[in-house]
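Letters are used for the chains, namely A, B, C, D, E and F, taken in the order the chains are written, and counting of residues starts over at 1 for each.
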């Protein structure tokens, strides 16, 4: 168990990351199971390379029920012309591919949350093996990393691009420059409380420029949010000098999501009623959401009140809520 | 099997539908099963009565994953003052209560789709027993019936109130007058192709004024759509003379959803990209949605083209689609 | 669908019901399914016959989670000497055999409750096919029928033997004479409210002497209740003149379980606390059970009060209760 | 419920059965469910027509875990040139398409066994709706019907083509002539005991020439059995004058599978050991199979002995067996 | 993986353990999953404090299907008046709350057996995170620890209070003094064979006075056993000087459960018949239980014989038994 | 976590491995779970010993869906006469007993693949606990180890006996001598690429003579392959001098399964058609298998071509295939 990283990854790619041109292939991960003794997980990967230059690593489906990223990236893989590229674009549109196929946040194989599985293990679960491959084989190749998120089936977000406040201010500045280039309607300055196991942290600790997003949610996508993802991807690649052409800038609103105080949790099961919609303003003390008990008519709902003033940046999505669910997230407009 | 309706309903209510005042109770339906030999389904019901006058039957949760109706009706049951009532308001906020508790369209007990189970059977499935109780005990009491729907977890709709084109034009006119009173942002004139088993049909065949809605979807609700539901409910009750006060009118846009041609179906499994958002216009022949294959990068998506011009009235909600799913519904603006 | 009974039963027995001696065999019921294209359900049956004389049909496992009957009957099948018999004893220790193997009230194959499936159908579900075989092949052979029940996994009963008040008073008198012969600690005089689908009704409508029991519950058995079942079975066979020897009489207490008022139902989910134990007395208005909400500490429990005076004859068994579950049953001592 | 067939089928085909040329399309069957409110089952269908002439209806996947038929029919649909056709070939390679996608005998939607669901119902289960469409729309179009079967996951068969002994001897003779044309290694003369619900019966009662097969089993196919299916299909079409060219005859051995006596059933659960392989001879009284108890070592196996002499025509496939499973089927060589 | 305890617990309490008065709140444990991306487990906790003095930590629901403890503790949390307290009472009525909600021994989330999960891990499973919080935050606050157990759904016990024979005889003496104060009908002197992972061991290794119980079982409670739990809790608190008033002593019988020889295990699946009831005496060599095979009638049951003399202290509860299940436990009366 | 092996195994055997004669017993492994608080896994074991001499350890059911080994070994345990033995034969016919009872490759308890679980852990999963017992208690007793495999439900193999190329050439020579003694139709010289966690490796690293097999597959057995297993077992025991009598030699064909190039993987889901049968020859570049898309008729199948010349040694078994499944394995005839 010492130095697990000395064991080679069980994943074998069917593409050559150093070859010019467009390659569509797989990361093949052996996965023996009851319904396939010698089966594998086949994670689609696309490499588009044109000579020397920086490398961008673009990922969607880190969580399997978030769709703007995969839509933008399957599309990019099909349409990006190597002639327009200087350097390398590595596209993995569905990072946690088993989760993505199932339409679930976590992997149906091992319940693995990809974004809590880094740095992974070559002899761990399927999710940990994928994380380990990114940690030891893909991240080291990258100069800039763009990882797409949305709220998934149980949360809904204002559409924003984000980066983290970092100890290395030069690295941080590069990341926020890339966020600005992305040009989402909102841009977020994030401080993570608990960074353990995140892909973000893995990339940042290697000194990469790391950019992420939240572009909606509910387990769907909209035409508008897909357009944001598609434009943002090209903008980041242009900004990095990998794709030719100028960044297509649009206005953005900068937000802060200060930790702790901006999260409200349900303390009861029931039928949830969010009292304001995403992007609307709320004053401290105002009722943000109500939870109605459903077993009988006539009871008073539980009220959840804002502990700060701000705009509604995210909310619980399904109509029913369970005690402990995050009901609402407020953010401060800069 | 002849004349099944002669058997009494197994459901016993704990409320007296003919008593004045506010009563919160249950429709108790015995349901013996492995985890409760002598168990029951307890469907919440509220009766608010004040003397003689017309009776409104208000229902939500006909499909268990549609939330505007239940939110408006649990709220109404808690807040409606009998002093403001002339007649009777019967509220069943979660008609298919087992489905509603599970957050699913159909009942987890018997997979029953309530809106395909009428007239029901007293000796049938749990869903059929509920339908039978409405058919023989609740619908006969009603003068006006308001049944809430939304798109549920797998469809998303423009918010509209609707009624059916009916053979009895006087009955039809009364229904559309109630739709107009509801004052949703959109109002729909519907022709059903297959009316077998619907609650709508059961009510209409008894000569009732029947009004229904689609107010969003995706298995959630928004503050705005809940406000529409709440206002619409009171408007319908005011319009019927059951609740005092004037109808609060707001502008509405009338739509037609002509049968057959306005529905587009997916022919492949994959990742769906709706090319326009709800309410946007589309010309015949335009690509409404694309389905991306996910097993490999690089393949061209299947395109679904509009077979008529109109606005996008409804769409498939989840990010993944299966062959046979309805991808998009267009409607014509009157 | 007309005259379904004209179709032959798909069940074929491997025993000859008219042959003398002891036979251990099966009722073989073809059951094609995914895991056995040409599979069958094999219901154990034992026939012990010695010349002419009356026929007793003894059954356990009508509900699959009730154990005193099967324990007494597997034992009897193994130990009853044909020399001690005059006539025929047919033993089916596990009538709903699929349910019995699963340890569940209803069949895991079709969720069929055997005691709500009579008269059955030869082309129906597996449970209905078994019921049909009893209806058309086994019940007609019987003079006296003894069917064992207990409370199963979700109810617990005082141990009693019972028969129904019947329109044919001679038939009723014979049944209560058999109940008295059984000599359980308690004996019950029952009026059924809803007799549809019951094995009891099927037997009684054919004019058979029908005796049943409730001998405990909770999905277990105790040494004492098994001894009651074993002694009661022999007593009934002796009383019927089928087994030689005198009835072994012990004292019994006669009870009435008047319909409706003696049942209390839970209206909330929670942690149930029965305030008195089985056989203890309660006055009308006294708290019989409390339901504690578990999501928070500090809330007052819901109280269930007795609506009549009597002894606690049955109660909800599991520690958790769901709204609609029968919490307690009171009975009046004669 | 009277005259259910007067209701129209809910299935709409996307092909025109009367148009010349090759069409690849679907039978679209609306199927509303929790994960798709307005979903459908899309059953692939191919029509290859060239002018007037007889119509052949070719089906595989009647049971979803039998593969020789689907392999031959997807291949035929892709390769058959209309220029070689006189008349019409309708190909449904996976009749119970939901079962076929799941790789199971019966439908995962409703557990429907397609071959026990005829004549079906337009308002029944998904499986019954498909049966009804064949009953009222496809079978009436056909002159000759070829329906492929194998043993599926739980049985293994000698490869044979078969027809039924029929009351109409001319119809019977035509069917056996088609069996002979098929040229499987074995040919079977079958008498069905229970014909209720079979597709075979539905076709034969309409006077169609009906031919079926058993071509192996175990839930797989072999190169050899697929070649038999492919050659047999063309042979039957040539024999019927629909495809040009001469029947490619190969030797066959005729078998009889007399009812009842040739089937052996397991009476115990355990580990099964078939003592001879398919096609090998056995004498009456010989041990055909043994069932080893697995809970302990040291116990004697249960022996299953042949009740007649013959060859082993079919056997239980999985290594474990359950009481009631068919262990072996013997046939007599003509 | 070194020094995992240096990571902070992810659990945040909503109560202040050092504040006077009564507080009802939660231990909130973040738990991200498919049906709630930002969800939490909310474990109810109650703190009742009145100035300086010793601290008692009272827990139920260590196993989720044991009910006397939770019933006594939800009740105590609701009714204990801080004026009667000197020091602090911390009440967690359902320690493995996810298991308790499911009514199962182990957690439905991770199958964690709480009493085999100590000392836990802050980055482990949900069950390990709860254990870690008790290990590092709650146990250190306690002077005396009372942890309630019963047999759960699959075992039934004589009602006893117990403590362990310990190396530190002073600590042991204090624990048995508390057991005597509890005043259950039986009191047990226990030697654990395998103490790895137990809450008991964690508390004892910190030098705490640790007292536990077994108060019945079968997944239910009885009025009598709940009264024992309630009285015992107050007695222990009075004995510890935390609650005012005198210990209410009742007679108890002391038992020893010597390891190994007193346990009998089933070697076959089948229908179990316990030949004596709890508390009855048995001689070495006597048949304690029989296991009847259910696949056929007529077979002899397997007999389980006592390997020592004593009373039946515990037994397998469900009517069916599996090979390997503990069938019976004998104890010696002191 | 350091030196986990210092903890004793939780498994207790009911046999004495050092006693002469035949013993049928169990390896009892405590396994607490929701449906049996004090349950165990009971793994059948048989010891046949006659004085001093070498020890053979014979195992089947390492994977639970492979049947030739268990059939030969339950039979041997029942029939081997200690008088014919010199030394000790330890037989565990179903090593991963939970998997074997479920008929699955891996354990239904923990999804453990026994052959990837060595050296196991005494405090790990059930599968790891079994592995640990073999590692520390059974393997050390053995001189020669014979472990049976077949393809299981998802693969099918040519019948062969095999050993590994080893660094210790004397050990290797002894293993191949035992392979030759086994006398399967084929014999394989294997180089494992990844030996981590294998039982094979555990045995070989202790210096044992280790022999294994692949004797068919598909989750069934045939009379012929069982005869091969039975004869091979006796041959190996005779060869080792443990059973008296001469080795019964039959011809064998030696094969090499060179790593990497001989495996072909599917890149698409679909209906698989293997173009040649087991044992048939193929040239490099030839189509070995085709994968037909099933969603529509008319599409071209994906072709899988041989990357080397050889015979088909193994193939995917089920009729449907998933992307990533091993489609075919080629071997070179020596």
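Convention: contacts are C-beta pairs under 8 Å (C-beta built on N, C-alpha and C of every residue); 3 or more make two chains touch, one makes a residue touch a chain.
What you see is a predicted model, and the numbers here were worked out from it, not measured in a lab.
Chemist: State which chains count as neighbours of chain B and simultaneously of chain D.
Modeler: For chain B paired with chain D, the chains in contact with each are C, F, in label order.
Chemist: Could you give the separation in Å between the centres of chain C and chain D, each centre being the mean of its C-alpha atoms?
Modeler: Centres of chain C and chain D (C-alpha means) sit 43 Å apart.
Chemist: Where the CA atoms of chain A average out and where those of chain D average out, how many Å apart are those spots?
Modeler: 49
Chemist: Quick one: chain D and chain E, Cα centre-to-centre, how many Å?
Modeler: 58
Chemist: Note the residues in chain E that touch 2 or more other chains, in rising order.
Modeler: As it turns out, chain E has residues touching two or more other chains at 1, 26, 42, 65, 267, 295-296, 318, 323.
Chemist: So what shape is it, when you link every pair of chains that touch: line, ring, star, complete or other?
Modeler: other
Chemist: Would you mind giving me the full set of chain pairs in touch?
Modeler: A-B, A-C, A-E, A-F, B-C, B-D, B-F, C-D, C-E, D-E, D-F, E-F
Chemist: Could you pull out which chain C residues touch chain A in their complex?
Modeler: It is residues 267-269, 295-296, 323 of chain C that touch chain A.
Chemist: Per the contact definition, I'd like the list of chain C residues that touch chain B in the complex.
Modeler: 1, 63, 65, 104-106, 111, 113, 116, 151-155, 194, 196, 263, 265, 267, 318, 322-326
Chemist: Quick one: which bits of chain E touch chain A in the complex? Just the residue numbers, please.
Modeler: Within the complex, chain E contacts chain A at residues 1, 7, 10, 26, 28-29, 31-42, 123.
Chemist: Can you list the chain E residues touching chain C in their complex?
Modeler: Contact set of chain E toward chain C: 22, 24, 26, 42, 44-46, 65-67, 70-71, 74-75, 77-78, 91, 93-94, 100-101, 103, 156, 218-224, 226, 271, 273-277, 280, 292, 294-300, 317-320.
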